[in-house]
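Here come two complexes built around subunit A, the first alongside subunit B, the second alongside subunit C.
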Partner chain A sequence: DGVTVLPAPQNLSVQSTNMKHLLTWSPVTVPGEIIYYFVEYQGEYESLYMSHIWIPSSWCSPTEGPECDITDDITATVPYKLRVRATLGSQTSAWSTLQHPFNRNSTTLTPPVMEVTKDGFHLVIKLEDLGPQFEFLVAYWRREPGAKEHVKVVRSRGIPVHLETMEPGAAYCVKVQTFVKAIRRHSPFSQAECVKVQGETLPL
Partner chain B sequence: GLRRCLISMDIHHIEEAFQEIKKTIQAKDTFQNVTILSTSETLHSIKPLDVCCMTKNLLAFYVDKVFKDHRELNPQILRKISSIANSFLYMQKALQQCQEQMQCHCRDEATNATRIIHDNYDQLEVRSAAIKSLGELDVFLAWIDKNHQGTSA
Partner chain C sequence: GQEFQFGPCRVEGVVLQELWEAFRAMKDIVQAKDNITSVRLLRKEVLQNVSDTESCYLIRALLKFYLNTVFKNSLDKAADSRIRKSFSTLANNFFVIASKLQPSQEKEMFSTSESARRRFLLFQRAFQQLDIQAAQTKAFGEVDILLTWMEKFYQ
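Up next, the complex of A and B:
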C-alpha cells in the first residue's frame, strides 16, 4: 500500500433523483497536480456476509472529477456503503466512507414531463423516457361537472399514446405520475393540462 | 398467494445480470455431467402449495451458501454476482414480510427437495459446487418466473 500522504476526500453525499444516483465529495487539491479518485461500494449482502469485500465502482475506479454516477452499481433495493479515496502517483489517501448507507428507495421522484396534444379528435400524450424501471399512471377526464376520471398505465417510453377520442367542443384534462416497481413508490402527480378539440392547450 | 408477495420483485433485471456472466461462469464448471438444481425430481415436481417454502429455501441456499462459497476476482463478474446476491437478500426480506400475512408452510415435499439440492451440493468440493450452482441460476430464475407469472417486469 502506497504511503498515505494525501488528505482523504471529505463531505461525501449522494444526490438521487428519478433513480439516478450521483455520489459527490469535496475535491482534494494539490497545486499543479491531477488527483484521481477511486470509488468502491458494498451492498448489504457484502456487509453482512463478506465484509472484507469492496467492489470497484463501474465508472469511477479511477475518475478525475469529485463526483461519480453510481446508478449502475446500485442495482438492488438494499442499503449500500460507499467509499472514496484520492491518489496522486503512488500516494494514496485513506478511505472516506459515506456516513449513512444509501438505499435507492430514498430517491426523489419528480412529476414526469408530459406533452398533451390533439390529433384530430384524438387525445394523445407523450411522456419523457425515464428508463426501464418507470411506469406511468395517466389520469384523464372530460372537464365537466361530475366527470369520471379514467386511468391508464403506460409502460412504453417516449412514444405518443392515444388516450381518448374526444367529442367536439368538449375540453379534456390529463395528469400523470410515475411508478417505480423496484422501490414500490409513486411520484407526485404532474400539473393537469387541458385541451379543447378546437382550441389551444388551456392553462388550468 | 405467493404471486402477491413477489409481485413487486424486479426478476427481469436479475435475469439480465445473470445472462451477462452465464457463459463465463458455466465455462468454469468442470463437472458438466453433474447437476445440483435441475434433477427432475426436485424443482420441476414442486406443487403450487410448496412454491413459497421452496422459494424461501432456495433463496437461503444461494444467500447463505453459494454466494459465500464462491471466490471471484473479476470486477465485472463480481458486480453482477453482488447485484444478484443483494436482490436475493431483498427478496428474502419481502418474502418474510409477506409471510406474516400468509401461509408459507414447509411440507415434506419441499423439505425433501431442498435436502436433495443440499446433498448434491455437499458431494462436490465447495468451490466446484458453488460455481456449478451459480451456473444453474437460470434454472432457479426460470422456475421463479414460471411459478410467479406476474412478477417479471
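Up next, the complex of A and C:
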C-alpha cells in the first residue's frame, strides 16, 4: 500500500432522482496536480457475509471528477455502503465511507414529462424514456361534469401511445405518474394537460 | 408491477430481468470452469412438478443454501470485476427474496414442507458428493436453471 499522504475525500453524499444515483464528494486539491479517485461499493450481502470484499464501481475506478454515477452499481433494493479514496501517483489517501448506506428506495420520483397531441380524432400521448425500471400510469378523462376517469398502464417508452378516439367539440384531459417496480413506489401525478378536438392544448 | 408469488409467499421489489442480466454477464466464465459435465445438482427430481404451496419452502431452502454456502466463498476467488459485479447483483437480490419469504409453520403444512425438504436434500447431497470448490462452481453455473424455475412464479 502506497504511503498515505493525501487527505481523504470529504462530504460524501448521494443525490438520487428517478433511479439515477450520483455520488459526490469535496475534491482533494494539490496545486498543479491531477487527482484521481477510486470508488467502491458493498451491498448488504457483502457487508453481512464477506465484509472484507468491496467491489470497484463500474465507471469510477478511477475517475477524475469529484462525482460518480453509481446507477449501474446499485442493482438491488438493499442498503449499499460506498467509499472513495484519492490517489496521486503512488500516493493514496485513506478511504472515506458514505456516512449512511444508500438504498435506491429513497430515490426522488418526479412527475414525468409528457406530450399530449391529437392525431385527427385520436388522443395521443408521448412519454419521456426514463429507462426499463419505469412504468407509466396514464389517467385521462373527458372534460365534462361527472366524467369517468380512464386509466392505462404504459410500459413502452418514448413512442406515441393512442389513448382515446375523441368526439368532435369535446375536450379531453390527461395526467400521468410513474411507477418503479424495483422499489414499488409511484411519482406524484403530472399537471393535467387538456386538448380539444379543434383547439390547441389548453392550460388548466 | 411484477412480483414473485411462491404459493402463499409474495415477494415484491425484485426485478427478475436484473438477475438474468447479471447472470448472463458471467455465464460463460462461470460455466467454463465447471469440468464435471456428467453431474447436475438442480436435476429434474428437485424442481419438477413442485406444487405452489411447496414452492415457498423449497425456494427458501435453496436461496439460503446459495447465500450461505455457494456464494459465500465464491467472491473471494472472483478476480474478474464483471463477475464481482454480477455476483453482487445476484447475491443481494437473493438476499432480498430470502428475507421476504415467510412460509407457514402450521402443522397442516408439515407434509408439504417435508416434501420440499426431501427435494432440497436431493440437491444438497449431490452438492456434498463433490469437492467443495467444484460443487460451488457447478452450483454457481446452475443459477440459470434456478432462475428459469423461479420465472414460473414471477407474474
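What we mean here is this: the second predicted complex is superposed on the first by the 204 of 204 C-alpha atoms of A that agree within 3 Å, B and C clash if a C-alpha of one lies under 4 Å from a C-alpha of the other, contacts with A are read in each partner's own complex, and residues count from 1 in each chain.
Following the convention adopted for this analysis, a contact is a pair of C-beta atoms (placed from the backbone, for glycine too) under 8 Å apart; a residue touches a chain by one contact, two chains touch by 3 or more.
Values in this document were obtained by computation on a predicted structure and should not be read as measured data.
Placing subunit B and subunit C on a common subunit A by superposition gives a clash between them. With both structures placed on the common chain, the touch criterion links A:Phe121 to neither subunit B nor subunit C. Contact with subunit C, but none with subunit B, is seen for A:Phe179 once the two complexes are overlaid on the shared chain. Within the superposed three-chain model, A:Tyr45 lies in touch with subunit B and with subunit C [touch as defined at top].
In the superposition on chain A, contact is made by A:Asp73 with both subunit B and subunit C. In the superposition on chain A, contact is made by A:Gln133 with both subunit B and subunit C.
The interface of subunit A with subunit B overlaps its interface with subunit C at residues 43-46, 48-50, 53, 55-56, 58, 73, 75-78, 132-133, 181-182, 184. The touching residues of subunit A, when paired with subunit C in their complex, are 41, 43-46, 48-50, 53, 55-56, 58, 73, 75-78, 105, 132-133, 135, 179-184. Per the touch definition, subunit C reaches subunit A in the complex via residues 1-2, 12-15, 17-18, 22, 67-68, 71-72, 75-76, 81, 84-85, 88-89, 91-96.
Across the complex, subunit B meets subunit A through its residues 8, 10, 13, 17, 63-64, 67-68, 75, 78-79, 82-83, 85-90, 153. Residues of subunit A touching subunit B in their complex: 43-46, 48-50, 53, 55-56, 58, 61, 73, 75-78, 132-133, 181-182, 184.
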